[in-house]
């Protein structure tokens, strides 16, 4: 059976190394995956509008311009993804991660949430619409390996 | 020109009276609106699963059951809505509100956000995909009056 | 808040009185529901093709004709439904019930399964894509009451 | 006329060698086909949740977790398929196969059923929404060869 | 169980009284049906463009204008219909009827064909995508009665 | 044959009385039509944002806010319409009218353009995707009467 | 500007060499096109069902089986096509060609009709929903060359 | 992270070198982009119908034929695009550019407008539905570089 390439979008937290851990482990496992993600350089992301379209002094519109430019990237990549992984970390409010989950849910794109148990109650709607809730990046890799190859981790 | 009835879904915060203020003002203005909303009784909402489908001791699954039952209501009403208003208050993480915004965005349903300026930066992606950002319930009513009747508030 | 009418399609088993029990209890509760269902007269359902379009001696085509006529009804009503309830009883293979569940899932229409625990393993895929799994008709009524009115059954 | 690659998803029974027979014959015929399928290792499939996401003692939730992980694979592959083949064998209830058929039907994806005549009456709804009903894996291969190349088997 | 109104579009032949026979019989049976149809006055239909938008001497563009105006009506009503009945009579080429059938098929709207057996081979693709093929207007009425009420004609 | 109500959205020019002429004539003809339109009070439309959501000194963002609020109305009504009429007058650039035409085209909603011959070349793409091009409000009324009743104007 | 490959489906008449003429000319022009088509061997097409799925003596069901197998090919290829060319020749009723045109129209896929002027009136609805009507295979090639390369034939 | 190819459609003005400037700069930056565009040879575009399908003396129909042939190209490429850039220059009415913007908006495809500030008020609806408004071709390139690579221009 020929192997298709899976497109996985990694949404959410940009302040820990969870994306790298998933990508490294998936690469080591040789899984046929193309990862995509939002721009994870926090400063660049915040300046996406004024850095490309010209200055704006009002913070609200500055954010508005930046969010528009970022959305060209994120919504295109989410629409294009086979699976979305949505990570909620322990800092910030991360409403954009929950927004992405709702966006994926309405498109019918399966997604996996990744967060600690302390957020379970607050994320119950987001988790319910997910196909899986993982606690660690390693579990996400295990899910992807199973989904793509049908292989479970050894005992 | 005959008047159509507008279906407005009021998503988000359940700990202040913003829904009542909007509904009262819209009623006083005589606007043809049918409001809908999630179940706003916090206790009932949390027990939506175990209160209907039988007990469950594990908190994660308890929430999972409840979120499923609530989703029957919320996703049906959002799909049915002409406009969604999404309120972010100052308590809790309110990821479900951001989830609803993403869901509406992917459906192409216009939505209005309602929140204080302190959340502007954190909500920039959610606000960007909205058609309007309001600060007060009264502004939401003004938007609805204009959208439905073309009338602006007097000076 | 004005009350919308909910359209509920009752799919699956036609050899017990589960539909009547749900409809009676929903009627007593005064819930604004319009129920729909497949034709539940087994003999009429089997003769739906030859009874309307003319005779056919070959059993396969006899069934084929009947299933086509029944599909005009069932697929229209499922597409039209807000919520589908799918009942699996203890007789027959009921592949059409599972077909309806898959059909609803792909449409994004929320559905509730209703079956005994003995079928849990065999129905795991069908239950996973459902928003709730109920054991009794009464639980389905409790779910509908909560979804429509936000009310949980008393203690 | 250049030859496109056809994506064929093989749904259903995992206890006989029907997939291998189709894949072998299609390979020998040199047809441009990429096959996909659910995970067919029964034990791995049952453990898809607990083997990747962590343990769970309650059988219902164990199945629920597993079905979620499996759905990431199956629903993605069905959405991606040009044609689905749905096999009903003589063991188990195989509700997931009928679910897949309903899912494909609602997506507008053509599918072929594969089963013995003894199930004809029970599968009449599933067969009616199919484009073809085959009795043997060889017939499925003949259908694929015709669909792709326009060639019928010799006399 | 409350009775919904079914919207039935009657496509095709405009030179016999098949529409009237169906409408009369459905009316006598008291079935809750709203019929719609193309404009069946042949002369008016041919003049739909030049009669409303101004003269045009070139026959091709005359037809083009008329077909555009007619399409506003027909495509709106087909999109709105629950079921389409497509009649092929023994005169003219009736390509518009086959066009409507293809249009309904792509929308996922069920349709019933109505024609004599002499056209069976020529209409095989159109019949295959239909849910039923009837020979007489009376059979169409029987199908509609069954679909709406679950009742078969007496012996 | 029962008469359905047609929803007609009147897009474009707000500086002449074309809407009133269509509505009056349609009313006199007793056609079952519900008209909708953008807010046609130019001043109110320009202030739709700052008049409801609070002041904004930068003209670009002032327009941006206003256009967002107006879009809640216009995009909802266009999505809801059976037919759109798009009027291009002789003043201003009217890019919003062409935008609405493109929006309707992508939705598959039929539309009629209304403009003088002097704009024919500049509007050729917009007219090509329309079902009809009218020169006068009276012609639009004739088209609607024909579409709804099948009646052509007398000689 | 990089060159994309265009997928063109050639629907309709199978009794003249129009496909070959288009394919040859397109090949000579070096246009990046992948053509697809129904099975054009009339005998094979008629036997598509019984030649793959087993015998059937009743002509109606024989055709039904064949049309189902052919539809797996044709509907997949039409859904996959960028442009459809629909040819109406001077023999047979060719309802399947008109069906394909309606199917493409509902999908929003642009199509070009190819037929003699004698059929203009009978094909007016089919031509109206087309983006172009050609009289000769050479004109179709000219349209494709222009669409792909922007080049018009020399004088 | 592997690099996907982005498909960018460049809509609008054909009388300045904005496309070439964007393509050159994107090429120099080595961004993985496939550009597409309408036919930008004004004369060829105007003759797209009569140059391929045969002569037509009436200007309206001449334009109509040409617009149909051009639409095969433009609507296919817009549907295929990840991002659309819509340029409004200082000549002509450019209703087709606004049409393309509306078309992209309804499809949910993100687009960027490119125009001088003098058109801001007239383009407010078109800009509001865009994800970004640029003033120069260089800004468009900066947006694309950020969207694709996450890199902002240096200070």
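Per-chain residue numbering starts at 1, and chain names A, B, C, D, E, F, G and H are given in the order in which the chains are listed.
Convention: a residue touches a chain if its C-beta (ideal position, glycine included) is under 8 Å from a C-beta of that chain, and two chains touch if they have at least 3 such contacts.
The structure presented is a predicted model; accordingly, all values stated were derived computationally and were not measured.
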Over-half contact-pair match to A-D, picked out of the listed pairs C-G, E-F or A-B: E-F
Turn needed to bring chain A onto chain D - CA fit, degrees, nearest 5: 90
Whole-Å separation of chain centres (CA-atom averages), chain G against chain H: 30
Inter-chain centre distance, chain B versus chain D - centres from mean C-alpha coordinates, in Å: 41
Distance between the centres, which are taken as Cα means, of chain H and chain B, whole angstrom: 36
Per-residue overlap in chain A, given as positions that touch at least 2 other chains: 68, 71, 108, 133
Chain H - residues contacting chain E, complex: 58, 61
Contacting residues of chain F [partner chain B, same complex]: 23, 34-37, 39-41, 44-45, 47-49, 51-54, 65, 68-69, 71-73, 75-76, 79-80
Interface residues, chain H side, partner chain A - complex: 1-2, 4, 6, 82-83, 108, 110, 112, 130-135, 139, 142-143, 146-148, 150-153
Touching residues on chain C, where the partner in the complex is chain D: 59-60, 63-64, 66-68, 70-71, 74, 88, 92-107, 117, 119-129, 133
